[in-house]
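Scroll down for the structure; my scribbles are underneath it.
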Amino acid sequence: MTPITLNHYLALGAVLFVCGVLCMATKRNAIGVLMGVELVLNGANINFVAFAYYLRDPQGNAVFLVEGQVFALFVIVLAAAEAAIALAIVLNFYNNHLTVDVDTAEELKG
Amino acid sequence: MQSFDLATYYPIFIFLVFVLGFAVTAMAMAHLVGPARKTPVKQMPYESGMDPVGDARQHFDVKFYLIAILFLVFDVELLFLYPWAAMAYREGNEALLPAELRGPVFVVVLVFLATLAIGYVYAWRKGVFQWR
Amino acid sequence: MFDIRTLLVLIPVLPLLAAAVTGFFGPRFLRKNSHWPCIVAVASSCVLAFLVLGKVAHAEAPLIERYYTWMQTGSLDIGLTLRADGLTALMLITITFVGSWIAIFAVGYMSHEREHEAGYARFFAAVALFVFSMTLLVLGDNYLVMFAGWEGVGLCSYLLIGFWFQKPSAAAAARKAFLVTRLGDAGMMLGILLLWAGYQYAHPQTTASGINFETAFTWASSTLPDDTDTQLFFGTVALLLLCGAVGKSAQIPLYVWLPDAMEGPTPVSALIHAATMVTAGVYLVARSMPIFHAAPPAVLLTVASIGAATALLAALIALTQHDLKRVLAYSTISQIGYMFLALGCATTDGLVLLAVTAAIFHLFTHAFFKALLFLSAGSVMHAMGNVIDMRRFSGLRTVLPTTHWTFLCGAAALAGVPLLSGFWSKDEILGAALEASHHAYGNVYMVLFISGLVTAGLTAFYTFRAYFLTFWGEVKVPPEAGHHVHESPPVMTVPLMVLAVGAVGLGIVVQPFTHWFGHLLEHHWLNSSFGGTIQPAPHGFNIPLMAGSSLFALGGVGLAWLMYVRSPALPGKLAGTMQGLYQLSLNKFHVDELYYVFFVGPATLFAGICQAIDFLVDSVVDLVGQLPGLLGKLVRPIQNGLVQFYALAMILGLTVFLSALVLRMAK
Amino acid sequence: MNPTVELANVYLLALPEIVLTLSACLLFLAGTFRQNRHFWAMKSLGILGAAAFILALPFYRQPVDPLFALQAPNMVQPIVLDRLALLLKIVALIGGAVLVLFSWNEVSDDLAAEYHACLLVIIAGVGLSAMANDLIILFLALEMISIPTYVILYLQKTDLGAREAAAKYFLLSVFSTGLLLFGFSYLYGLCGTTNITALLDGLRSTDAGRLPLIALVALVMVVAGLGFKITAVPFHFYAPDVYQGTSLTSAALLAFVPKVAGFAALLRVLDFVWPGNRPPGVALGTQAPILFWILAAMTMTVGNVLALLQDNLKRILAYSSVAHAGYMLIGLATAPELAHQAAAVGGGQAVVFYLVSYGAMTVGAFAVLAYLSTPQAPIETVDDLAGVSRSHPAVALMMAIFLFSLIGMPLTAGFAGKFFLFLGALEVRPEQAVLFRCLALIAALNAAAGAWYYLRIIAAMYLRTPLRAIDKPATWPGLAAIAVCAAITVALGVYPTPLLQAAKAAVGQ
């Protein structure tokens, strides 16, 4: 069995990123769009954590790089904060449009 | 890297067995010992919250979301305490935080908690915790 | 009394103060007296301008004063620097002298506005602001200060063309003027920046700024004849500067805004769109002559060709206009074309002085007689209740005697009637063109000379056509004029008379016999600009040329007389004197017919074609203006309001950038 | 150094931001006890003043090496207070004060405390992003700007358009954050550190063969993420819709604050593509200018061209802000070349100068609209401004100053800013001179075309009769905000040298 390397994680991160981007661009539902964004953020998170785990110092020794982990933590927390705001915005959107499909919002254009 | 050995995890299995046993015992005792008055409300799968009967597409009261989000935010904020708790007081080779900084960082954590408390009081003052 | 430092800064600052005072206090406190700050300030500036002239005439080198550092970082060092030399002094006098009299005239002309006090104050504030900008333009010692004035006059022109904003046509004309000239200004700005950058590149260790006149001109006049790279560089700079000049001075292809600009009050047309602002392009090219001279000769040929073509085209269009002010507007375009023609003749060291003197001399005389003509037209308009269509009035020489005489003076000067000022300056231009035909591109210059000669004839014809149509024939007054048509008040006629004296006599006094004008320009400007490489111009008269151009001028006047004074009476005479005079009349008739078939007919036809060209150029310029809008209409649907689409566009952009960069890397 | 002192120093550097943020927290809380917009606006002004006072303390006067001198290997603080940071912090505080004045009467009483608290957090975010020397701090600082902005967008107005605007801005902004973060993750992976100083050192010392591909991906991602904040095409789409939908105060905020933070972040993070003496390893030095060249040309053209078609003033100003972002991108495009040749006006320097000028004139224009609007009769379209010069001569004059500055008339800040940017483009020599001369030409044509729509507004104000009476009573704070912006606009046009030299010291080119 091939060992799991950094590249695998990076590939996973990239796949998550692309999935998120596609989700973002194709979903009509505001919640769906938000999910896409979360995928993008978590793709980045995977990269951070993977880099933090796999990177070596110039001598090739394993080092514990705390920044990647910390970055991931911050991203998680901020994603939660954004989710809170998203809820408020989406609910309001629903109150006005009676749907959460964002393509109904096209008053402002041109 | 250390090779994976299931044997190192045996305390967890013991813990698991203990937990399962406790749960089963508690439920069985409640069923056997407690009085059983069957009211319609108690017959429902969930006693509190939404009425589960009816179309799944009905509207939820927005306050559920509010509570959930509030929980989520405060819960997730506590994430910041884990690294501190895990790292701040390690000794020897594993120490990431210089010993001199333990005091200042503790103050920082306190400030962080105070900020959360301000958020909590804000939510309270705004009447988030009143159901209606 | 004043040292030069104070003098130079006071000349623009006084009108600026007047503008500020009138703008802030005019509507509320000054009210009907809003004209006083403007008139006093401009007249004081005029006095100061004469003092400056005196100082310049006694100074060896240009007087340069640096007031403060405008922008400074690294090797960029641009000061607010003013200069006085022969050219500046003459421009200052033109601006402030003509400006003062026009401001006085405007008191009478704008009397209708005095009831709307806000409008009255607004007018004089804008005029004062204009004089400030225009004096700053000619006083600036580097291209950036000049550009500041340059944009300022554009702004004032915009404000004043749109003065009667209630008329949609006025608002549209104002915007057109601003935008068309700005198109040229974009080129000019690039030229200035390029000049600076080029100088930095050629002189890496310098602290001098390449857009200072002295620095740039010293560099330009020290360019070696075989240094083609530098010549091409100066060619580019010169062409870019020419863009600005062409826009501001209403030359082909950017002349289309000027006829529309006649929507403004007539004193404004006189001041801005005849005497001063539109000649700023001529000033720019004259000022930058060392750069144009260092460029390949084709650049100067371009200047001359643009000038000659504009002169001819505008003169032909003027033939068929019915609106008196429009005739004068096209005439202005045409006369400025003359000046460009003159400037374009400076192809050799020997010709520079001749050509530039001719251009500036014509600028000077033109300012007087064209301002006079516009003001006289304004006087006519004032009396006719703002009617300006020449078909609707005639025979006004008895009704408006003073205006008639002053208009005649201006018309005669413009037509080039011998001994009047227009005659001398036009003659110098034709002389310069003739001289240039002996040097590089001689054949082309010969053609340009001939077209200039033809234009001279046409000019005389359309000027006197307008004169005869307005002042001769039966007395006809439009109903708008009211019952008691009367001559304008003295506040209007006195400026007319003063300017008329200038239009008639100024030319002969300053140049042809005294050579004072050329001397001033040569010793107090050009010598220092060119570092002494130019050769003095030959004095003396080219008698055959003068005779020829007089012939053309008088021929044009005579033809106009025949067509608009003589022949309208012809049918009546024919009926009255059937016998006896029949033969003579018949002959006359034949003469007229011949004229008509061989001269006027083709001319009218040609004028029609020119009007078509005019329309075409107008449409093309409009189209260029519309182009961004059309592009916008194409792009607009992309902004469709859909969030996912926006996200998709962002992703697409990202993908395109990524793949493009990755592909570039792969290569 | 003693770690405690080091930590204390870091906090000391960020003291103004800490004061702002903590005050904001208290403001949130206190707002539940007292609801009075003027009271809270006064308080916010006081807090901003306190932050400014701290910034004026002697401690902040000694810092400060220019950005490019910073790359000593031992400088690994998460935040640095160099001259760029100091300049932008001052700009942010002044901008914040102007925004407080400007929104004096524009917020409702019950939300005033929240609004001002959010504003204070945003200002703190700008200051922090200007100081950030660590990707984590930078990311957090940018979020400190974004999240309160969402809240303000959500709170300020409740009609349909505002809701739509909030939703659009939120979704797209979060998405751009994702892009930025993804770029950051690769940058982190390249060097194993989030410290920008160390990161740039690492990138510079890596040889070209190993570096490029993933670094390019990271570069493009970061530019895309920050491109959203500075409204670069094609990341600009939200701007017109959101500006139109939301309130004037929020629109002004959006037009100014994210641009400052975005350009500050770009100047910091992309430092590695324009070193003074380009090391042979970094091939990005030749790639990045092309990227910014294209971005600049597209951004200014799209902005100007679409602005021509608009009637809504907020949309015009939105597209105008896009166009001006395009002009500023010229500075980023030319910066590497100019740094290489020791030019008179560096690209980064011109960007910083233009940023301040742009902020003054755009916020001023929005402030005028807000000053003249009433809830019953908002100023929405160009027609609504017809004849304002008669009813409000002073305000109309100042609006004319802002618009002429946006056009780029001499003796205004807009002219000086454009002059420096265009000068840089023409100063580039020799291999890429043609390329950048084309850019200057495009920019000059754009500036000429752009005059049209600004002139329309001026024409409406001065050359038209009022369609309806504008009878808003005078309020001094609004007027003060306008006057401050007008004064800055004129002062920077008449005497740009001090800011120009401060900007030069800031980016150290």
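Lettered A, B, C and D in written order, each chain numbered from 1.
Simple rule for what comes next: a contact is a pair of C-beta atoms (placed from the backbone, for glycine too) under 8 Å apart; a residue touches a chain by one contact, two chains touch by 3 or more.
In this text, all values refer to a predicted model and were calculated from it rather than measured experimentally.
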item	value
Busiest interface, counted in C-beta pairs	C-D
Centre distance in Å when chain A and chain C are each reduced to the mean of their C-alpha atoms	64
Inter-chain centre distance, chain B versus chain D - centres from mean C-alpha coordinates, in Å	41
Inter-centroid spacing, chain D versus chain C (mean Cα positions, whole Å)	43
Centroid distance [mean C-alpha coordinates] between chain B and chain A, Å	24
For chain A, residues contacting two or more additional chains	24, 33, 70, 81, 102, 105, 107-110
Sequence positions of chain D contacting 2 or more other chains	167-168, 171, 175, 179, 240-241, 309
Which chain pairs touch, all of them	A-B, A-C, A-D, B-D, C-D
For the chain A and chain C complex, residues of the former touching the latter	21, 24-28, 33, 102-103, 105-110
Residues of chain B defined as touching chain A within the complex	62, 65, 69, 72-73, 76-77, 79-80, 83, 96
Chain D residues touching chain C - in the complex, by the definition given at the top	167-168, 171-172, 175-176, 179, 212-213, 216-217, 219-221, 223-224, 228, 233-235, 237-238, 240-241, 283, 287, 290-291, 294, 301-302, 304-309, 342-345, 349, 390, 393, 404, 409-411, 416, 419, 422-423, 426-427, 429, 437, 440-441, 444-445, 447-449, 451-452, 455-456, 459, 462-465, 494-497, 500-501, 504
Chain D-touching residues of chain C, taken from the complex the two chains share	27, 68-76, 118, 144, 147-148, 151-152, 155, 158-159, 162, 165-166, 170-171, 174-175, 178-179, 182-183, 185-187, 189-190, 193-194, 196-197, 200-201, 625, 628-629, 631-633, 635-636, 639, 641, 643, 645-647, 649-650, 652-654, 657-658, 661-662, 664-665
Complex interface listing, chain C residues touching chain A	636, 639-644, 647-648, 651
